[in-house]
Amino acid sequence: MPAHISIRKACKSFGSFEALRNVSLDIEKGEFLTFLGPSGSGKSTLLNAIAGFEPLSSGAILKNGEDIGATPADRRNFGMVFQGYALFPHLTVVENIGFSLRVRKVARTEVEGRVARMVDLVGLRGHEHKRPSALSGGQQQRVALARALVFEPELLLLDEPLSALDKNLREQLQDELVDIHRKTGTTFLFVTHDQMEAMAMSDRIAIFDRGRIVQLDRPNVLYDEPNSRFVAEFLGTMNTLPVSRQRAVAGELHAHVGEFGVRAMLPDAEQLAGKPAVLAIRPEKLTLCRERPKADYNLLPMTIDGVIFQGGTTIVKGSAPEGASLTLTTARDALGNPPSRGEQLWVRWGHLDGRVLAG
Amino acid sequence: MFGKSRLGGFLAGASGLFLLLPLVAVIPFSFTAKRFLSMPDGEYSLRHYVAIFDPDTWLASIGTSTLVALLSSVIATALAAAFGIGIWLRRPASGRFLIGLVLLPIIVPPVTSAVALYFLLAQIGLLDTVPGLVLSHVVMIVPFAVIAILGALSRLDRNLELAARNLGASQMQSIIMVILPNIRFGLFAAWFVSLVMSWEESSVTLFVSGVNVITLPKRIWDNLRLDLDPAVAAISVIMILATTLVILLRKSET
Amino acid sequence: MSTARLRDLRVFPGFGLLSVGCVVFLYAPIVVLAIYSFNDGRSVTRWAGFSFRWYQTVFANQNIQTAAINSVVIAVIAATVATVFALGAAIATVNRKKGGGEGAYVVLTFPLMVPEIVTAVASLVFFVAVGISLGFATILIAHIVFCIPFAYLPIKARLESMDGTLPSAAADLYASPAKAFLRITLPLLVPGLVSGWLLAFIISLDDFIITALVAGPGATTLPLHIYGMLRLGMTPEVNAISTLMLAASTVLVLISGLLGQAGRKH
Amino acid sequence: MQRAIKHPDPRPRAESNIVPMAGSDPVRHPNSVAAEVRNLRKTYNAGTPHAHEALKDVDLSIRANEFFTLLGPSGCGKTTLLRILGGFEMLTSGTCRIFGEDVSRLPPEARPVNTVFQQYALFPHMTVRRNIAFGLEMLGKPRAEVESTVERMLDLVHMTDYADRRPDTMSGGQRQRVALARALAPQPKLLLLDEPLSALDLKLRQKMRLELKSLQRETGITFIFVTHDQEEALAMSDRVAVISNGHLQQVGTPEDIYEQPQSRFVADFIGESNLIEAKVAGVTGGEASLDIEGFGKVHAPVAERVEDGQKVWLSIRPERLVLGSGDGQERAKVTDRTYLGNAVEYHLHVGEHALTARSPRGGLRGRQDFAPGDVVSVGFEPGSIKVLLS
């Protein structure tokens, strides 16, 4: 059985700029899939191509196995929530939501019933006859969502819909979006450059870099097992230390940072042996010690450069051998006396916490 | 923020005074009891205001001006809207060039326009006719209507059109149901500017009409040149009041 | 090819045609006028070959020369004086919402709303009332006055688009108000001043209605002269001088546009 | 109005103890007061129906050599206070002193203070070099001194390569550095910074926090920094003043503000906090027994006098809630779980109360994970409950 939506070898150029380079992707029915990447990485370009706003330079977009590349935007039956919402300013909330049914010449009574159900779903009861300009940012976002869902699209495209909102409201609306996704069962395709937002909401995340999808997986897999230095550094904070003398030993990788031995569990350890590589460790996986830990590997000396108080956690910045900089986060109380600038401490980490990546 | 400059205040006051003084000075002249243009010396009269209601002269000209202004403003607005929406939707590579080309005639000296239109209308036999005058006015005012409509379109969120298409509206539906309603103030502004400009147009009108078709500015001109009729002052006062009224109305709207 | 069809669907063919039609419609009269100014024959309807003879006639005409010099002298003086007034007015009115800035704006732009013929009548009546005899002086005074609003608008726009914290920053860096104005505000206003001056210059150069009414018997300007020529009948000489005026206006506007662009870069 | 220009002494003065040595900590002199405001009030449109009190009786002392932050939500009055210090707004009543001198009536150009504006306000018609030189030229410094100071400043903010560029050809971060250099060049006694990082993107903002902090340390100049970003305030400041609604809410070190909030506003605004209503059920020796409806009793220290039956608020940080299962104390239900990469956030229902708990992932010890619908026990780390009366 063909996938719900398939992208096959999609390429798109604007003049000499290649926005998409040979992207292929299957979107499963009912999933919450996020395109995540820095600006200009091609995620919005692909979204616009799927919506039918911009044709691909080459490649195909398939819906249930059928090529929809030539279908105009108004016949694709995909809903979209725009970045600035693009609500029709001259129409009220219910007129906005009912727009797609009106242009489809749906009977008036049915329009009213379906619009009323959407108004309930997004919690806009009492605001039905207001104009968008009289609504708050969060309410506008809900209207945009209802408008895009009322005609029961097969796919809902969301183009950075939360980026205009402040932090608290954004977190609240993230929960609501996940909730509506669960209730409607519609396939959600979400575009964002905010990695926290992506991790908090998605079933799967596709990470875009310079027109390519570099990794596509569940959020925890991407966070814990990034397949490249780009993914590792893009998702959250990551320490990357250049390693040398790496060799594969029984499915494990043994290497050195300066004079200190490091080990990481790697199924494809053979491939990295002898090539330039970095050791990647999350700041929260590092443990700070005042005495040299009793271990033969996975420990490094660290000279403290600064301690940044962040309320619940404290960030410690410092430098490791070979001039590499290290960042680690700890709970405030874990340290006893906070370390001071210039102090010489040790860090250690577990056998499964570090990863060696090409770079 | 830019400091309180006394010299600036003086220049601002002087500018205002210079600009308004003549407009105010014309008021007493309109109330003279004499038959020629003069300061009233103790005797005031409304006779020149009454004269405006002569159906053969002033009233006829007001009618002609209104007819020409209505026709040319509607045609100019329609042309400008079609041009503006076309450019906005298609965003052709030559868009900026085309817009520049349409706006450029604003800088044509009125005398040059007058000569050119005189020449053209003479060739096609429309000199001194209402259609000829309408055609001339449309040529003169289309660029201004385009400015008003492009202004409204530039404030229109491009995503509105994409949203309409995404929600299933055809191109025509999206123009009628989304674009036009959202530039309605721009359309109105374009129409209103066109109306006013056509109504008061004089430089070209003087050249291309004048015997069969006499607009209000043309009649003022003739009267002033021929017999210094104080009715000219009366009609000027009425037009100044009308302008003030329009400005006040637009202020209260916003 | 699927992508080509998709592109076509976004196009609404009628609009392209209308847009081009609009342009043709606007330019036909002027283009015809310009072409016939190079006609070798005396007729303004039959083409008899290319020649500059009408331009030579224009340049040899003593009356046209006098009128042209009058026009330029009046335009230079009027534009300069009007720009000074407009600069003062703009500085006094911008960013002073409480102090009647809006009222000042209405007063300063009111003459733009009043029909030109009415302004002309009013100016004439005013000069007669105060007893200034019509001539060169009345033309000049009238031009200075009606140029102020045109010079005011670009200067005001420039001042409003200027970052309002810059004078604060100058004061923060120990500049007195006068120094802040001379070192920061004035240099940044230059593009607005130039376009205001050029606009005033063009408006003054081209004006016909007001000039005609306040000119009196002796003084004349180029538009007045052309009008007089036209009353004697349409000749290719009129085409030539009209085309020259168009060329002058175009060049001035292009200069102003280029300066505006250069100004925007900084 | 006084127009006498009193410019700051360019040389470091003994009593202000400015230590312009890169890398070393400045000598702290807690007795020296850099800026002081007393009974400060600011009312906009006073006497009209639109009168708005932006600042209400603010008293504040800012010490020499400190990095002091004014923190609050937008419209709280923090920017007004900064503008009053800079001389861009006149105070309605009260006094404002800078290094002991009453500057209440002085125009900006007569104050020994420089400002980094929110949008930088760089002069667009001048090069970087000319921008930085402007203040020194206005002070009438000799040409050679101007030039050498400008070079030093360019070097300090690493912008020597951009000295002859104009501001509009540079990125936000570069402009920000130029604005800093321009404001530091005249060696002000006080540097005011009006949300200078808000125009930058997240990664750059984080990097600039460290740079600003070390610049302050290197120059020894007193920084007064305005922001609405509490993370920024906690990360950089020596002391923070939290302002809300024109009132000074609390002044203290970042640790104080975070650990010992004195009001619900501060607890909620700085970091995240669970705020729970509770009733006092007895006090013994500085510790109160508190009854939370639908949960039971908890104990917490109280600083102020409270009476039995009094309603109070408890503030508990999400990371101080300990979730567990299997000890028979399960009284909370997980309603939502959000994956955050380095942590997992749980939304809980405890009786009538909705709580948020955050559990860090990582470190060497594994933590238990829960799913929506799980019933769990909730414990509090010792000393994690703060009792608030307002």
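Residue numbering begins at 1 within each chain, and the chains themselves are lettered A, B, C and D in the order written.
Assume a residue touches a chain if its C-beta (ideal position, glycine included) is under 8 Å from a C-beta of that chain, and two chains touch if they have at least 3 such contacts.
These figures come from a predicted structure and were not determined experimentally.
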Any chain in contact with subunit A as well as subunit C: B, D
B-C or A-D, whichever has more C-beta pairs in contact: B-C
Centroid spacing, where centroids are CA-atom means, of subunit B and subunit C in whole angstrom: 17
Where subunit A and subunit D are represented by their mean Cα positions, the distance between them in whole Å: 30
Centroid spacing, where centroids are CA-atom means, of subunit C and subunit D in whole angstrom: 54
Inter-centroid spacing, subunit D versus subunit B (mean Cα positions, whole Å): 57
Of all residues in subunit B, the ones touching two or more other chains: none
Residues of subunit A touching at least two other chains: 52, 72
Where subunit C touches two or more other chains, by residue: 9-10, 168
Contacting residues of subunit B [partner subunit A, same complex]: 157, 159-160, 162-170, 173, 177-178, 181-182, 184
Residues of subunit C that touch subunit D when the two form their complex: 163, 165-166, 168-176, 179, 183-184, 187-188, 265-266
Residues of subunit D that touch subunit A when the two form their complex: 209-210, 213, 230-231, 234-235, 254-255, 258, 270-272, 317-319, 336, 338-343, 358, 360-364
Interfacial residue positions of subunit D with respect to subunit C in the complex: 3, 5, 7, 86-88, 107-109, 113-115, 117, 119, 121-125, 134-135, 138-139, 166, 168, 182-183, 186
Residue ranges of subunit C touching subunit B (in the complex, touch as defined): 9-12, 14-16, 18-19, 22-23, 25-30, 32-33, 36, 44-45, 84-95, 104, 106-108, 110-111, 113-119, 121-126, 128-129, 144-145, 148-149, 152, 159, 164, 167-168, 177, 180-181, 185, 202, 205-209, 213, 222-223, 226-227, 230, 234, 238-239, 242-243, 245-246, 249-250, 253
